[in-house]
Structure formats: C-alpha cells, structure tokens
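Next up: some structures, all given as structure tokens.
Presented sequentially are two complexes of chain A, the first with chain B as partner and the second with chain C.
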Partner chain A sequence: MPDEPEHELELTSPLVPLFVITNGRALPPDHEYEHTTLVMAAPESAAAARTLSPEAGQVMELVADGFLSVAEVAGHTHLPLGIVRILLAQLEEDGLILVRRPIPRAERVDRELVSAVLDGLKNRFGA
Partner chain B sequence: MYLDPDVSHAVKILIVGHFGVGKTTCIGSLSEIEPLRTEEEITEASEGYDDLSGTPHKKTTTVAMDFGRLTLSDTLVLYLFGTPGQERFKEMWEELSRGALGALVLVDPERLHESFPVLDLVESFGLAYAIGVNHFEGTTDYPLDEIHEALNLTADTPVVRCDVRDETTSAQALITLVTHLMSQLG
Partner chain C sequence: MIRDALVWCLAAVAATAVVAVVALAARNRALGAKKQQSEAELRRQLHTSDSQLHVSRAELQRFRSEQERTLREAKEAAEENTKAVLKGAASFLQSLAAEQTTLLDGIQRKYGGHAVLSDLLEVNHANAQMARKAQGIAVMCGAPLGRRNRPASVYDVVRSAQGQIRNFHRVAIMQQTGLALKASAVAPVALAVAELLDNAASFSQQDAPIEVTFQRIRNNLCIVIDDAGVSMNDEDRQRATELLSGDVVPRLSQLGNQPKFGFPVIGLIARQYGFTVDVTGVSRYGGVRAVVLLPEELWTMEETPQAPEAPVSSIMRNEGRPQTGAARTTHGLPKRGARQAPIASVPDPEAPRSAPRAPQETGRASGRSLGAFQRGTLSGRNPDATSLEGSEDA
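Right after this comes the complex of A and B.
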C-alpha cells in the first residue's frame, strides 16, 4: 500500500480538522438533514459501527437505542451541524442508520397537524 | 433522552428576538430536555484582511443556537429553536423558517425599537407570529395595546405578557401563538 503523500496542512484554519473528520466529503444539500430530521441506528449496525471514525462512532453510539433529531445529535456530540450532516449522509449511505424526514412543507400548513400541536400543548401545560 | 419509537411528526416553532431578550431562558422554561446548543455555519463578508480559505470576500463563521424539545403525543414532537434576530443571520433563517409552524417573537418593553429588525425578518420569511412581552415582576407594566401600537402590528397579531423564567406564562404565550396559527388556517 503506497504511503499517502504528506500534505502541508494549514493548522490555523478551522476547516482542516473538520475536513479530516469527514474524510474529505462535501456537505450534502442542507435540507437533506434538517434540524428536525430524526435518526436512529439501524438494527444490527453495532458491529459495523466499531470500524468507523471516532466521530461517526460517537454519532452511532448516541443514536444506538432510539430516535433523536439531527439538532440533538449535534448538540450532544458538540460537533458543528455541518459536520454532523456529512457524517449522517455517510452513515445512511452505508445503511447504518434509519432516517425519518419531516414532511415537506405543503402549500399551507396542515390544519390537522397544527390542531394536534395545540391539543398537545394544552394537555401538557394544563391550559 | 430518546423520542417515542412511534414518533412520526417532528415540527418546529421559532423563538425569536433580539440579543438578550430571553430566548434561551424561555426555551429552558418550556423544554423537557436540558436545552442543547448547535454550532451553525454562516458565511459573512470578511473584513479587509488576508483570508486563507481562498475566498477573499466571504468567510465562514459559526453561530451558537439553543433549542429545546416538547413531546406532545406518541407520534408528535415539537422543537423550539431560539433564533437570533439580526439581519446577518438571514442564512440560518432561510433554513429554519422552512417548514416552521410559526414564530414567537419575544420583546423587551424597555427596548422595543430593537425588535423592528426581528419583525422585518419574520415578515420577510412569511412566518405567522405572536408577540410575547417579557415582563419581570417589579418592572413597569406597559399596557399591551400600547405595545401593539408601538410595534405597528396588524390588528389580529396577538400580544401577550409572559415571564420567560416561568413555565406557565411561557406556555401560555406558545398556546396563544398556536391558537393564532389555527385561526389563520380558517
């Protein structure tokens, strides 16, 4: 296996370590993993998850037992949202996560959904 | 920590306002989880110094955004995103406003003029909104109709008093917003 050529890395630039974390991958279109997109580890993904980069492994561990939003993944891992998105794109491509995307915005907001939000808030706060 | 396994709908409402108005406190009062923070990337015009990234006129910076969560049923979860109200965060607004149900605009009655850029943003992104007037006990109690008028709001825009440190009045402000959203759907 040939050695990778040594690149001179500009270590003062914040982009360099992030670039390394994502293995050089580019950002997917942002709406692909919106803040409220929900993700969870796929069944039987644990073995494959052990071979991932530390950051991707951290994401897999976090969502091992249930759904969390993309925003929560970023919040818990302290990774920038842009990095989380790239990692998730990679994990989804490898079949390691299940993804539930928000319903695309309709022409008008769904009345039934807003009504369910209102009922939910009233129940929760006893109003 | 995890959502209900049957969760099928994740919706969002933006809690917006100028710097220091109490967005994060409001989210903390309402959220079922300890509020979390994301690092969002935005591009800004760079000042006149050498830029190593190779794009001389723009630079990428990160902005912290706090958010919280409210489970409303087995299948429905609501996220509250505390969105900063400055014009230079427009890029974040573009993404966050997409699919958002509406916005709760928090205002400080002592600094009403600082809320105009926020209202401009909310309106330019076509978000329905209600005003939550953050009122601490012991501060001047401005009449809500005067605030309504000072902010130059349309007649049907709800204005409600709340103390962002308090769950009950914060929840009432949120309920007022969602009731308003319902009425707008006819």
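Right after this comes the complex of A and C.
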C-alpha cells in the first residue's frame, strides 16, 4: 500500500509473465508429459531450435544430448512443471523433440497377483 | 412727367434691391458663422464619443480577457484537483496490481504441477491488463511510473508489453537480439510498447498479425511495430504526432467517455525518459508502422545478467560434495551423465572432506543405489546402447 503519493513503486514480479512464455497455450491432458516421461531432442532440430523463445531454447539445450525426465527439465529451467509441459507439447507438435512415455500401469507386474501365485505355489508344494 | 415718375420708380426699385442685397448678404454671413459653429460643436462631440467608445472597447476587452483567464484558471484548478484525486486512487490501484502480480506469480509457481495453473495464467493475464490501465491513469495524473531495478533484454521488455494486451498471441516478435535496456528504461518502454501494441490490436482485424522487429540505426535502437489494420489519414497523423511528442497534453475531461489515453500516456513518458515514438509510417501490410526510437543512453550491447537464483545454487554448493564443474548447470543443479567411476556404496576414503560427513554420506549411499537402479531401468529402455543420457560436456 502506498503510504505517500510520491512513493515510487518498485516492480518485483518477473518481467515476462508465464502466460506469455506459453503463448496462451492450454495445459496438455494429465496423462501426457508426466513427471517420469522422458524427452530428447529430435535429430536435426538444432537449426530450428535457434528461433525459439529463450525458455523453449533452454529446454532444447537440456535435452539435446539424451533423454531427460520432464521433472528434471522443470527443475533445471526453474519453471513450474505445468509451464514445462506446455512448452514440451508445443515442441513435440513442431517435431523438435522425441517423447517416451513411461510404461503404462497396466503393463507393470501386478504385485498382488504375483504374491497370490507365490502363495498358491507355497500351498501346493509346501515351502 | 412720366419719365420723371419712371426714373423715381426705377430709383426706388434699385434702392430696394440694394437694401435687399445688403440684408441678404448679412443674413448669409450670419448663417455661415452659425453653421461653422455648429459643425465645430458636432466635431467636438463626435471626438468625445469616439474616445469614449475607445475607452469602453478597451474596458470590454479587459473584462473579456479577465473572464477568460478566470475560466482558464478555474478549469486548471479543477483539472489539478481531479488529477490529485485520481492520482492517489491510481497509485493505489497500481501498487495493488503490482502486489497481485507478485502474489499470482508465487501461486503459479506453487501450484505449477496442478491443473489449476491454466486458470491462474488467465487470471494473471487479466491482472496484467488492469495493471497497464492503472499505470496509464497514474501517468496521466502525474504519478511516478513503477520502476524495475534490473536491466532486461529488449526482447523480454517487448514480451512483457505483449502480456499487457488482450489478444497477445497475435503479436509475433521476429528476432532476438543481444541488446539490453537499462533498468531505468525497462518499465517505461514496456508501457509505451504495450500501448502501441494495444492500439495496433484494436485498429486491425481480430486475427491479423502484429509484427515486432528490432533495428539498430546508428546509435539508436528501434522497436518497430507493424500492424495490418487501416492506415491513418493526415489529420489523424498530425494529431497523433502532437500527442506523442508530449507537447500537447489533453485535459482529463477532454478524453471522452471511453477515454483513449494511449497516445497522451506515451507522449508523457517518452518525454520524461528521453525516447521518441512515431506512428506516421506505413507498415508492409498497409497498416500503421509504429517506431519506438531509443537513444544510446537507454540501452547497452551487454548481455542481460541472469536473475540470481541464489537459494538453490548455494544449497547445492554448501553440501561439500566433490564438484565436477562440467556436470553442473548454470543454476548449480547436477547434470545427468555417463558415470566415469564405478558405483560404490562405500564412501570414498580419499575424498578431501572433514569430519561431519557421515549423515550426508549415508544419504549419498542410498542415493547411489537408487541411482543405479534408475540407470538400470533407463539403459533397459534405451535402444541404442552407445549414448545413455546427457553427455558430460553438455
């Protein structure tokens, strides 16, 4: 609150708002770009990456040499996870990155089933 | 006899005629004198009324100018009063909007992984537009503009301006430059560019692009804004130039019911901070080309310094881990890379570190085994076994 009228206001918020960084693009659906999704720069994307915004360029730089998880990209860029997910969605749409989704839940081994089988075997053959 | 009688008669007639002539001449003379007298009298009267008229005219003139002055003074006083009232309110709104922007930024970072983020971004957009209006009113009332104390790249200043208008996604910034604006110029140039972008957006079609390019001309840096709207006529151009120069400052009461204070605001801040704005050009789309010309006092060739991210990097460095410079990002976070030494869950005895390392070391050991597990899953998922992850020199 201004105590006196001539007090000069100091603006401390980041200069570029986050919605400009994402260019107003909406968040991708929840199941896309999860924490553990791996992303990597597509081959021959370096030239196109030069015309990107500084933030998208930084993401491209991080994933230039190998797969990195979405959570790590967010950590390195100091951007909120949602913003990184929006940027990644845009980059994938432009064909600049390769995305590797984590193994879907259904394909993972069901622990309960395995232990049930184990119990059954134990009962049958006695252990 | 008759002749005598005739002679007498003639004599009598002659005498009568002479008498009459004499009498008439005398009367004539008297009339002439009288006429001159009355003429002189009339002239004098005319002269007097003439001078009286002059006096009255002068007096009337004086009254008129006095009245005008009083009216002007009254208007100015009213203007000043209005400004004083609005100034306080606008400053209040301005600081509240700034506070809200900071708050919103914090909330956006806090809930960055949540679906509420997209709504927060919209709220922040609305807030940014409100902040611009509040700044505009404050400037019109003579209140100081908010200031930033860090230089920023001209690209980011234009992006900041971009966020302050409604249809911001129509704005395309054509190239990045290594040029930076000095801290004192950041806020005013952002506001001026925002007003120009808003103008460009309102006077062109809903989906028409607005292009921003940067040019260096001698010692000046130009921000060029091209729109695809309708161009201005000569009268509009002249009016705009007057307002943008800051020479003509319209009264608040002259701004109308839907006040257009974009150009007056730009004129005021351009004059105050020493840059010029011109909108007389024609864009390559046939619309208006606006040019913000920044003299060399307001910008530098230097790269903008990164915003200090002190907390993170200092924590990382104080842990006393052996540092491998190449494997860290500029922010101090470790980068993933191919491991050069075999993974050992036993602490390295040669590590040059002092006594209180045990708790960190156990943490590291469990971290290592977890890391080994993660690397195993990663290498399993990677088709080409040669490059595992980010290389060391990245």
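By definition in this document, the second predicted complex is superposed on the first by the 90 of 127 C-alpha atoms of A that agree within 3 Å, B and C clash if a C-alpha of one lies under 4 Å from a C-alpha of the other, contacts with A are read in each partner's own complex, and residues count from 1 in each chain.
Here, contacts are C-beta pairs under 8 Å (C-beta built on N, C-alpha and C of every residue); 3 or more make two chains touch, one makes a residue touch a chain.
Computed from a predicted structure; not experimentally measured.
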First, second, both or neither for A:Glu72, with chain B first and chain C second: both
First (chain B), second (chain C), both or neither touched by A:Pro80: both
Touching partner for A:Glu34 - first (chain B), second (chain C), both, neither: first
Partner chain(s) touched by A:Ala46 [first = chain B, second = chain C, both, neither]: neither
First (chain B), second (chain C), both or neither touched by A:Lys122: first
Which superposed partner A:Leu113 touches (first chain B, second chain C, both, neither): first
On chain A, the residue positions that both chain B and chain C contact, one per complex: 10, 12-13, 15, 30, 38, 65-68, 72, 74-76, 78-82, 100
Residues of chain C defined as touching chain A within the complex: 87-88, 91-92, 94-96, 98, 101-102, 105, 108-109, 111-115, 117-118, 121-122, 124-125, 128, 143-149, 152, 155-157, 159-160, 162-163, 168-169, 176, 186-187, 190, 307, 309, 312, 329, 331, 333, 335-336, 378, 381-382, 387-391, 394
Residues of chain B defined as touching chain A within the complex: 1-3, 5, 7-12, 33, 36-41, 52-53, 60, 62, 67, 69-70, 72-73, 76-79, 81, 95-96, 98-99, 101, 167-168, 171-172, 174-175, 178-179, 181-182, 185
Parts of chain A lying in touch with chain B, wherever the complex brings them together: 10, 12-13, 15, 30-31, 34-38, 65-69, 71-72, 74-76, 78-82, 100, 102-105, 108-109, 111, 113-125, 127
Chain A residues within the chain C interface of the complex: 1-2, 5-24, 26-27, 30, 38, 54, 61-68, 72, 74-76, 78-83, 100
